[in-house]
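First subunit A sits with subunit B, and in the next complex the same chain sits with subunit C.
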Partner chain A sequence: MRSATPVIETSGLTRYFGSKKAVDGVTMSVPRGSVFAFLGRNGSGKTTTIRMILGLTESTRGSSRVLGEDSQGLPPETRARIGYMSESHSLYEWMTVRESGEYQSRFYPRWNEKIFQAVAGHFQLDANTKAGKLSRGERAGLSLAITLAPEPELLILDDPAIGLDPVARRALLESMVYVTRGANRTIFFSSHLLDDVERVADHIGILDRSVLRACCSIEKFQASIRQFSLHYSNSAGRPPSVPALRGLLHVRRAEKNIRLTIALPDAATMTSLQALGATSIEEVPLSLGDAITGYLGDRGEQGSFFENTELESARSMA
Partner chain B sequence: MTNTGAFQAIVRKEMRENIVWAALGLILTYVVLIGALPSSSAQSSPNLISVFSITALAAIVGLMIGRAQGISENRGDPWGFLVHRPVSRSTLFWGKVAAGVLLYAGAIAIPAVCVAVWLSIPGRVAAPFDWRMTLPAVADLTCGVAFYFGGLLTAMREARWYASRALGIGVGFICATAILTLIHTFWLAMAFCAAGIIVAAIAARGTFIAAGQYASQSRTSRVAVGVAIASGLAVIGFFAVNVTMLLTFPAYQLPQGQQTQSRRYAMSSDGTVVQLVENSNGDLLAVKDLQGNLIDKYNEAAARKAVRAGVSAAQVNLNPVGIRDLAPPPVSGYRSAMDIYTAVESKNTQLHWYYIHDRGLIAAYDIASKRLVGWLGPDGFTDGATLPTNRFHGTTQSFRGRGPLIAFPDAVYDVDVDNRHVSKIFDAPPGETIVGADRSSPMEGISSSSDTTPGFDAIATEQRIYVQSEDRTPRMSIARDPKADGYGIAEVLQASQAPGAPMFVWYLPMGGSKFQKLSQAYYQPQYVSQIRSDGSAVNPVEVPPYGVLVTNVKPYLSDAVMMTLTMPLALNAVIYTLLRQFLTPGQSLAGWLWPSLFGLVIAGILFAKGRRNAFTSGQLLTWTALGFGLGLLGLALMYSLIDWPSKESCPSCKRQRVVTRERCEHCNEAFSAPAGDGTEIFEPAEM
Partner chain C sequence: MPITISILTGSNVSIYRQIIDQVCAAAFAGRIPDDEPLPSVRALAEELLINPNTVSRAYCELAREGILESRPGKGMFISKRRQIYSKTERKRRIDQSVTSLVTEGLMLGFTAEEIVGLVASKTKELGGSR
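The block that comes next holds the complex of A and B.
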């Protein structure tokens, strides 16, 4: 169930570090009740954007609002409604699992000890183990437990599954989704793990080198990215060079084949493709992961990774 | 949960995290205090109060804990984990501070109290113990809190370590300098430290709340950060100027082999006032009259050496305030034992003697057993710890433990601790109050073995100066010279080799009124008169002010340049106003003109810099005024505080515009959204 007001709204959110523009004019809104995946390559500005949304870092210009409040002046009552789990799963190393829970519970009026225990149990955490002694997966579990126990309306997770093994990752996702299954709870998470995105997200935002290029539902995104394979018969010679097409994301060229990934192709795009003189044009079905990878990858014509390498030469000779 | 519960949780967490630093501070304090414990010897009396002078220690421990608390979670994810919780950043800050100050206070106070308790037990040190001796430690402990906040501020500030980041501890340095060298009174020292703490705390809090940024702080905390950083710059500037002068000093030293010369005035053996010219080794180079003419009979070195032969003098205090306001705090005030006791010189190698002001008695401590063995009072010596009935009455101001005479408001006593004997030698006449007394001695050790002139005692009351023989026979009394009203010292001299062995009274301005400083004393004349036996003054001589003491070195141009460059205009104004009576109109004009011109140049630089970086009109005005008033300090302050924004070319007007404003400061054009490349996929937010 969605309500009218977005939980997160940003407008022209920009951040410079010295002369480097880390985030450039990000304008987006995150619908209440959504599971919003915030994607981008390393260094694209995801963490900085999250920190600005939470008021942990000041924006150079632009603004953002969370749960109706300006990010730079979030009152304690609003912070109580937002759960935040940082990329490094910050914890006080000297505290035991139990002490970590007790410490956090002193701050939150709606602390739910059952949730804390349930998540901690799911990750099989020993209450007397110090946080500094936990494995990476266990740290993530403890971090998630103290983030979920206050029953936040909005859960912001910065790459929560980074560095976790598949079992821990699965446990993390299950806990996350189970606890926030309630109405009007929103999850905003950044990730590099496309499987996770595919499994839980219903909305997506993609940062490409500090600029937000996509912000929409998963369905719309998947429908917007299409891949075409252009085949050329032996008699036609080498495939021609690809002209500048609107929305062209990626070109992969082979001996008798060109594969084009295109965003928002329309009739004009199809006409342009026809003009390339291919023997046949075939649309290649894309999974969400492939679509995201295609969208996030370097733009323009790319050769094979092995092209021009000794390995490729050897393979050709063979 | 309540805010109280959260606050307690923060305090507990901070205490647990930083206890190791407190433990380190505690050990350090123990080591320093135990190392400072005095040992008793026949040569010197132990100085207990110096044990509790722990300014540097408090500063180090305060800085250490403050910095540790701030640095551990000041950026990145730890910062997010700290502050993303439903309490205000202010609550988090004060939670940290409560824990930090408790740890700091514990690290300093626990060892200090232990050492004080140990010293208070009889038999530990051969000296009286008084809890007031711990006041310097209390002041230093308080001063260390300013350093603690300085440490927090330094840890939180977004600045480079090798540049301005650590300047926030300047407030602590200013407080420490003030309580060590300027402030005599304990409560004034506490008030000064409290002011420093308030400034540093506001600066640290504002910086914490703004996550280290300066621009986004409230106006109050920006001012506090400015004051803190300016203090640090002033400290650095002070050292830089002194090091520069030290390094460049050879450039304007005197030619090789030539030494600086100085002059002073003295009574010669024939009873005239002469000018002595000496080099820096103390060699007497020439004897001149008051007009500066060489006196022929002193051309030979041997004659010069005997210039004051046969002159003996007793120097009496004329001012009830006495040395207290003249000497720096370590010598007087609450950082000195002077208000508690005065060590009395003795030839006895078994005992230390102390005049204890509150008791009005002289205490004897056995050096071997370190225990109190008896008391010396107006009625003589009493064995054991039993206090004698009769005491000395009133406050003695001028007694420094060296001469045999102790002056009280109503009487003067001759005290002979070696023979354990006390005798009253003078009673204050009705309606008069004694302010000082001294027994004569040969001037500067230059005496003649043939000199058999008997010594004398001089006693000053608020109205008159009395002179009597050591056998208490009155010799003369003279009304104090009204011209020397407010002067601090009178010397009663006798030139025994002059015809008739005349006596003189010489009024010296130093040590005078409460606000008079030593330097000013050199710009006031001295008065010397010969005194007849009936107390009348004859042959008065007005000795010109010393003025510039060093005579053969020209004023350094570099000094003037250095002052112009480094002294804020406001400080120049104060200095030149205070010294105006001693300066020529040209000097006064130059003193105002050069700093003003220099201030204008700096103000122009700051104005231009502000304009280029799109300062608001209020910011421009403030920084221009600071540039004019503070000179180089203002310039350095601006570069220390302002985080200069990046600039990029405005697509509309093509001029460079700062990236921090929503609109171009030149053409008011808004920033455009990032250019699209045709791959954008957006949909309206769901409603």
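The block that comes next holds the complex of A and C.
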């Protein structure tokens, strides 16, 4: 099977900045041909992880491979197969849109001018505007056009939607869906926009305070995070306090109702729920956004509920 | 366009499920002509701005359920012989009802045997002995 070799594979990837752990033992694998959304709150270590994968930041511990090569010391040929768009969109401010394209094209033997033009067109860029005069959304467009024109096998976008207006965001999504036309093209992107993630991603990885807490397909994730509503009628009295349940992510209490969000509930979980003396128990369907927010939400407990299932199986597949 | 599919994000129904539901609804309402193909996977993905794998999985599921059929080289068409509800859909619906029935029964303090007994006698009463 072609998809058997992951495009990105990290093992125990860790990075300290001084005494602060920015990335803590991240072990993940990104399947070839997937659109992988890398999620987490600000400061959770996404950019540092991306930079280690690209070999731009050294790891303190652990290893990372991309397109089959060690991230530290990627040969130029492999690097040329990766398109990377950083958060900052570094552009030469004095060059026009056209000049930026012409300049970049010299570095890539496979530069596809049609793609450059099409993406620039999506973002309605004027070829004669200097990069320094572009708006935030237009800068993202030029940056994306430059990143996509060499037709990279692996596209890594670090928060590409940040600061984009709705029109530019749509152009970004159009460009991402367009990329998936190519067979076996992989997109790895970080984002906070869960609606966009729901549209285009098929796999997600979730970083929480520098630890990877989930890494699986979206369906698997959605099937694993469930919410139950426990209702208490007048005769049942006030809802009791909720005991520690395995996988309990979130509790929302109202006068006659408790809503529990639970990761990977099993038969034992259901028995515990039934012991809470509710008049009725109902499962409430969750949107992907709710499931992700629920998973990332604050609670005392740390640790990944997916650790033993997803990560292990990903590793044994490799 | 024989059928217009539109999706909502942020809903508690996944995009995959929304596509399946809309194709089913259009098929059962007779709004899809037999001789017109559905939009291709790529066309629908680009129109809706979603991952093509999602469209492809939804079409596969619809084909497995017997609602769509693939005609090689021509695309996906509405299937000529189709059940009102597919096997999977029937299973999903009964599961839903059974879950709520059993939960309710247990909540009200009935034992498993009593619930099974009640289901059996009601099935007999409603003529399910066929």
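Rule of thumb we're sticking to: the second predicted complex is superposed on the first by the 293 of 318 C-alpha atoms of A that agree within 3 Å, B and C clash if a C-alpha of one lies under 4 Å from a C-alpha of the other, contacts with A are read in each partner's own complex, and residues count from 1 in each chain.
Going forward, contacts are C-beta pairs under 8 Å (C-beta built on N, C-alpha and C of every residue); 3 or more make two chains touch, one makes a residue touch a chain.
Quick caveat, the model's predicted, so the values are computed rather than measured.
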item	value
First (subunit B), second (subunit C), both or neither touched by A:37	neither
Which superposed partner A:140 touches (first subunit B, second subunit C, both, neither)	neither
First, second, both or neither for A:29, with subunit B first and subunit C second	first
Subunit B versus subunit C as contact partner of A:200, first or second or both or neither	second
Partner chain(s) touched by A:295 [first = subunit B, second = subunit C, both, neither]	first
Subunit B versus subunit C as contact partner of A:14, first or second or both or neither	first
Partner chain in contact with A:178 - subunit B first, subunit C second, else both or neither	second
If touched residues of subunit A are counted for subunit B and for subunit C, the larger one	B
Which of subunit B and subunit C A:131 touches, first, second, both or neither	neither
Subunit B and subunit C contact sites that coincide on subunit A, given as residue numbers	none
Subunit A - residues contacting subunit C, complex	35, 170, 173-174, 177-178, 180-181, 194-195, 198-202, 219, 222, 274, 278-290
Subunit A partner contacts - residues on subunit B that touch it in the complex	1, 5-6, 8-9, 13, 16-17, 76-81, 83-88, 210-211, 213, 216, 645-646, 659-662, 671, 673-674, 677-683, 685-687
Contact set on subunit A toward subunit B in their complex	2, 4, 6, 9, 12, 14, 16, 18-19, 21, 24-25, 27, 29, 31, 34, 51, 54, 56-58, 60-61, 72, 76-77, 79-80, 82, 84, 86-88, 90-92, 94, 103-109, 111, 211, 213-217, 220-221, 224-225, 246-249, 263-264, 295, 299
Touching residues (chain side subunit C, partner subunit A) in the complex	9-16, 42, 45-46, 48-54, 99-100, 103-104, 106-107
